[in-house]
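As written, the chain order gives the labels A, B, C, D and E, with residue 1 at the start of each chain.
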Amino acid sequence: MTAFVNQLPIGLSIGAVLLLIALGLTFTFGQMGVINMAHGEFIMAGAYTAFLLGDLVLALPVAFLVAGLMGLVLERAAIRHFYGRPLDTLLLTWGVSLVLQQLARDLFGAPNVQVPAPSWLTGGVGILPYNRLFIMGLAVAGVVAVWAYLTRTGLGRRTQAVVQNRQLAATSGIDTGRVDMLTFFIGSALAGVAGVALTLIGPVGPALGTYYIVDAFLVVVAGGLGQLRGAVLAAIGLGLLNSYAEFWSDASLAKVVVLAVVIAFLQVRPQGLFVLRSRALT
Amino acid sequence: MLSVSGLESGYGRARVLFGVSLEVGPGQLVCVMGRNGVGKTTLLNTVMGVLPATAGTVMFDGRDVTRLKPHERVRLGMGYVPQGHQCFPQLSVLGNLLVAVEAAKQPKEVIDEALEIFPALRPLLKRSAGHLSGGQQQQLAMARALVTKPRLLILDEPTEGIQPSIILEIEAAIERLHASGPAVLLVEQYLDIALRLADTFVILDGGHVVRTGAAEELHREDVRRLLAV
Amino acid sequence: MIRAHLPFATVAVIALVAAPLLLEPFRLGLLAKYLCYAIVALGIGLAWGQGGMLTLGQGVFFGLGGYSMAMYLKLTEAGGGLPDFMVWSGVESLPALWAPFASPVFALGMAVAGPALLAVLLGTLVFRQRVRGAYFAILTQALAAAMVILLVGQQGLSGGTNGMTNFFELFGQDLAQDSTQRGLYLVVACVLGGLYLATRQLVHSRYGRLLVAVRDGEDRVRFLGYDPALVKTVTFAISAGMAGLAGALFVPVVGIISPALLGVVPSLELVVAVAVGGRHALAGAVLGAVVMGYAKTAFSEQFADGWLYLQGALFILVMTLAPKGIVGIAGRLRRARTP
Amino acid sequence: MLELRDVQVVFDGFRALDGVDLTVPEGELRFLIGPNGAGKTTLIDVITGLTRPAAGSVRFEGYDLVGRKEHQIVRLGVGRTFQTSVVFEELTVIENLDLAASFRRPLWSLARRRRGVSEAVEQALARTGLEELAERSAGVLSHGQRQWLEIGMLLAQRPRLLLLDEPVAGMSKDERERTGELLTQIADEHTVIVVEHDMEFLRRHASKVSVLHEGKVLVEGSVDEVSADPRVQEVYLGRRPSDVVGERP
Amino acid sequence: EPAAGSDEIKVGLLHSLSGTMAISEVTVRDAELLAIEEINKAGGVLGKKLVPVVEDGASDWPTFAEKATKLIRQDKVATVFGGWTSASRKAMLPVFERYKALLWYPVQYEGLESSPYIFYTGATTNQQIIPGLDYLKEQGKKRVFLVGSDYVFPRTANKIIKAYAAANGMEILGEEYTPLGHTEYSTLVNKVVQARPDAVFNTLNGDSNVAFFKQLKSAGAASAENMPVLSVSIAEEEVTGIGVDNIAGQPVAWNYYQTTDTPANAAFVKAYKAKYGSGKVTSDPMEAGYNAVYLWAEAVKKAGSTEVEPVRKAAPGIALERPEGLVTIDGETQHMYKTARIGIVQPDGLIKQVWDSGKPIKPDPYLKGYPWAAGLSAGQ
């Protein structure tokens, strides 16, 4: 019984991890339509930043910048040639992700590295360790920041305008190039932050990104493209589902169950939890 | 104000414009006319920088803008309403207007001014622009260009799909607007409106200017003949 | 007419006559492997290049075909007993699922029909609900991930992570013989050639036009009186069947089938190959698979340590500089020469 | 032949159609006008299955259309064009038309190559004047040319009920003329509903007009009756009905 | 391509240099290269220099098979040193049998195998897992929870563990598998904690170990004293990545540690650090790979030839003093006599031996010498 009850906070904390890794995608994928397979490697960059600095708190802002700048370079060098072809970006960024993984292997070596957790994060409340609570807090903070950015600033509005009608945005006076850069910067930067947080619970190595990327996209898909509240609910839902499915069966089956549920769910809501319908035909 | 000379452009290997030249003087309203597919939209898109010019120049306010990006031209004071009631479908009507206002660094009050001209938009402010009817979207597009307070307004068939009474309003608005200063470059199929508004005509055919002249010089029947198939 | 078929005929002669004569057995075997992938790529070219369905789970279908064939091979080899991996996985009697695969006809049939049926099932579910674009891509990717986990978890049935290997003979032919391998190569090449011609026919037919229409304007197609979900499902099933057949051929050629061959990464690699070759042309898909396969082998042999850089870089360069792939570059060169 | 009863459409609480009753008998050319946002396009969407009504019935030749899928409705003989034209940009004009003409063939028979041009396509080409552009890909067409292609595709489908959403918007004078004649001709054997804002066009070609306002049919009648109606003047035509935009190039 | 001149012998090194397994395998390759360098410095084999041909298995089993074929048929190497996961070995096995070539496999594995064309220089189950279980039993740990990655080694190992438990009055409280590369262990930790076992037997592989130990540690409920986690796939190399804090005090089972006190080891560690950097550590699979090269070279010397059959015939009985102590090739199984060792992870990241088997244990891949294991190898 305790075990069963324990799964609830565990599910929420899994959801928080999912949310944290998917948050950046609501920008790059949701807002810009770029399926960035290198998102995982930006997470990895965040984690290695924490490793190099050896200090988690200091690493948060630095990783934000580091991953963000990597995103910026990627956007300028390659992705900007691909707007309007979202499926192609998937393949392009996958190539980038391969190169980044190999780069990490050469820079930091193939074995995992260790990031010391700050002492104030040892211990916990009930089944939830402080580091999980920290991640949950970070996820909440991230959601609030993203929400405010998207709905409370002109920048957020401009971002959406550019995605929805690039040409019209340009002829409405928006510097689409700058908006793209900024959006991609933020989306990637959020991945960096997630990477710092993940050092608390997972391995820090060249393959780090590959472990999270599929799940992150599932969250965005189930939530509805670019829908922050959708991503939040989907992350929590999938976290809980994962937690209980694994509790009753095993980790392998839980993954399969999660996928099956997402497919079944898309039968009911083909565009995810929240969808903005348009009258235009595609 | 706007001076286009020897402009050539097209799509890939297909050339559409062959050396188009035209002038829009300060406060002037120039109407571009021509049958379907002669290159009117292509001309406006090239003037706005959406399409690159392969030859020729576009001067605005004595400045060569041929190589500038569209948003830079907007910031210099060019406003554009493209053909086909375009909008940002998932932004609200207000959001559509705010985007333009912010990009042009105008005070929010200009929105109210635009809504006076298009009162039908007022109850729709919260609705997603993508859900509007075609005519509503076209009105929104006009309003969006107006809020940037352009010194040169470029309109591509602004009355298409709009109900008769509002066409009259738009006509009046254009008249008022252009009386208050800005120059206008207009593509219009409604000859009546064109004749009432235009100071100068430019008639295109096959990517060439076939006739240009002041409204007084051109008679209704001349224009008609030039536009016939 | 003759000129239109000249490129195909040239390639066919090279593939069927020159390659078996000139290449060492080991290299010919590798070429046979690339050609198996080319069959999958052809299906991807059809589904994605023509129909706009970016399927990131094609490895699943490839795997189903491969496993069907492997089950047949294992059963003939076990000759009534249990396949080796079942013994060390503690399975005591042959699972019912396995029994029919003792028949080569059933196994080969399932290699094609199994994937096609799965595609019909998935297609009916998702296309009817108008799930498409990135959603479809990510779902199929998750399918590949889930499939791997399922296979790995069912060690007694599937051989787990190891998959199945250690095959000795196919239809009485010793698989270790170079002559058998050469024969297999010829079979693969002929199957690829035949499927290429058939697919090309399909693409140039009305159906092909309809497919393009569905890709570019699914909603509009409905108002022309067609059911896009049906068109997509049929196309998806065809491409899945091709992948399955390729998998079945792959197993005797390469001698192993394992979850590693059908997961997210190999599925993506195939799509990447199609993109590199040029997804809008079927020849591009085939070419891409062969080129990327060869590049991977060559790079990893020459630079065992850093070949991923080269692979990634090659791919990024082609994608950015030549969005239409190698075929697109070739087309541009040809046009430049003929004024 | 087409009968709508008390059709209601609600979007997030907004009543786009608020109890529309409309009957269009066989062989009639019916014009539909009304203010922007009155619900004209929505009405066509409801008939063709794009939008599902919250209430009401739509019957066509005895079939209930509500709840049917779009392509099933097309197969019953209902075709439409779109206010913002959508054509298949990678296909040539002929291929666009041919696809529209081929939907009654079984799927497997489509696997054969198209040889030549079918009669329906030939006719559509001729009627729309697209012969010269026949081999061009639709992606290079201008706005007006696309409008024509849409009409051509509708014709090639050979439906019994044709719904056209602002077909002449953006067309030049001559082309409007041709479209008008075409529609009159088609209406001899088919039922046609045209949404338009161009009153001059209506005057020349329309016999019966329905005016939609705020999701309801406001009045029905001849062009003259309708344009004389003060309510129509008030909500639709504006203050200068006499010299309202008439002349086109 | 280096031609095998009369004064050179080509040998293949086939490990994952990319992908998830690169973490572990790169260092094994490095150790093998060190051995080759040392042998060459000492005059080579039969007066010829060894020339390594390195290929990347890319953590992908079919690639291992392909590259093995390439090394044998294209490069015509005298022998291959390679593999880590059992899956890669199973994939290569038919290739070596088909072309009658030799593979030296350097990692502990699940047993139940002996191919005439493979020499196994790592431990089989009776040299690692069973001693590990004996150790737990000795410590009075009777209620055990099994945690493993979902593939053949952990599954087979656990089968053996369950048979052992049944025969030795131990109780298995749970058996959980997670996919390779799995990183979310909160649910599993909850299950383990709730089951309150005396010990956990851990056959997780690779990166999962990092996540598992971090999350187990932060759950706070388990400590090395009240609930030790005995691991068989964590060596010195992995400890840094897991974080010493998270694993210090936990037991592991191997045949060799960097701290193993033999003269040969002192030399090995010194040479390794000199070549690859003083911060580097050595580990059991590295040492087994390093040994493999020496054992093969010895067999070649004895046979006077690099041909496969003479080498196979010459190999049985070869005994060398290696860093882990005396290693002897068992002719019957082509496995090695090896000394089993239990160690405890130290705060400095090294592993200190707390128990050993005293002498090399005869390899018994089919566990024929254990009555309780009779059912396991049925059918072989």
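Operating definition for what follows: a residue touches a chain if its C-beta (ideal position, glycine included) is under 8 Å from a C-beta of that chain, and two chains touch if they have at least 3 such contacts.
Note that the coordinates shown come from a computational prediction; the quantities given were computed from them, not determined experimentally.
Asks: Starting at subunit D, what is the smallest number of hops through touching chains needed to reach subunit E?
Replies: Steps on the shortest route: 2.
Asks: Which chains contact both subunit B and subunit C?
Replies: A, D
Asks: Centre-to-centre on C-alpha atoms, which chain is most distant from subunit B?
Replies: Farthest chain from subunit B, going by C-alpha centroids: E.
Asks: Most remote chain relative to subunit A, going by C-alpha centroids?
Replies: Most distant chain from subunit A: D.
Asks: By the contact definition above, name the pair with the higher C-beta contact count: C-D or A-C.
Replies: Between C-D and A-C, the larger count of C-beta pairs in contact belongs to A-C.
Asks: Please tell me the distance, in whole Å, between the geometric centres of subunit B and subunit E computed from their C-alpha atoms.
Replies: 75
Asks: Let me have the rounded angstrom distance from the C-alpha centre of subunit A over to the C-alpha centre of subunit D, please.
Replies: Chain centroid spacing, subunit A to subunit D, equals 46 Å.
Asks: Just give me the whole-number Å value for how far the CA centre of subunit A lies from that of subunit B.
Replies: Chain centres of subunit A and subunit B, defined by C-alpha means, are spaced 42 Å apart.
Asks: Counting only Cα atoms for the centres, state how far subunit C is from subunit E in Å.
Replies: Each chain's C-alpha centroid was found; their separation is 35 Å.
Asks: Could you list the positions in subunit E whose residues touch two or more of the other chains?
Replies: 18, 150, 177, 179
Asks: Where in subunit D do residues touch two or more of the other chains?
Replies: Within subunit D, the residues that touch at least two other chains are 82, 84, 86.
Asks: For subunit C, jot down the residues that touch at least 2 other chains.
Replies: 149, 152-153, 217, 219-220, 308, in rising order.
Asks: Help me check something: in the complex, which residues belonging to subunit C touch subunit E?
Replies: 24-26, 29-30, 33, 82, 87-90, 148-149, 152-153, 155, 160-163, 165-167, 176, 254-256, 258, 260-261, 297, 300-301, 304-305, 307-308
Asks: Please name which positions on subunit D make contact with subunit B in the complex.
Replies: That would be residues 11, 14, 34-38, 40-42, 83-84, 140-145, 148, 166, 169-175, 197, 199, 235-240, 243-249 of subunit D.
Asks: Which subunit E residues qualify as touching subunit A in the complex?
Replies: Listed in rising order, the residues are 18-20, 22-24, 26-27, 150, 176-179, 181-184, 186-188, 190-191, 194, 207-208, 210-211, 214-215, 218-220, 237-238, 240-245.
Asks: Mind listing the subunit A positions that touch subunit C in their complex?
Replies: 29, 33, 35, 78, 81, 85-88, 90-92, 94-96, 98-99, 101-103, 106, 214, 217-218, 220-221, 225, 250, 252-253, 255-256, 259-260, 262-263, 266-267, 270-272, 281-282
Asks: Can you name the residues of subunit E that touch subunit C in the complex?
Replies: Touch list, subunit E to subunit C: 17-18, 54-56, 58, 60-62, 65-67, 69-70, 73-74, 85-87, 90-91, 93-95, 98, 112-113, 150-152, 155-156, 159, 177, 179-180, 376, 378-380.
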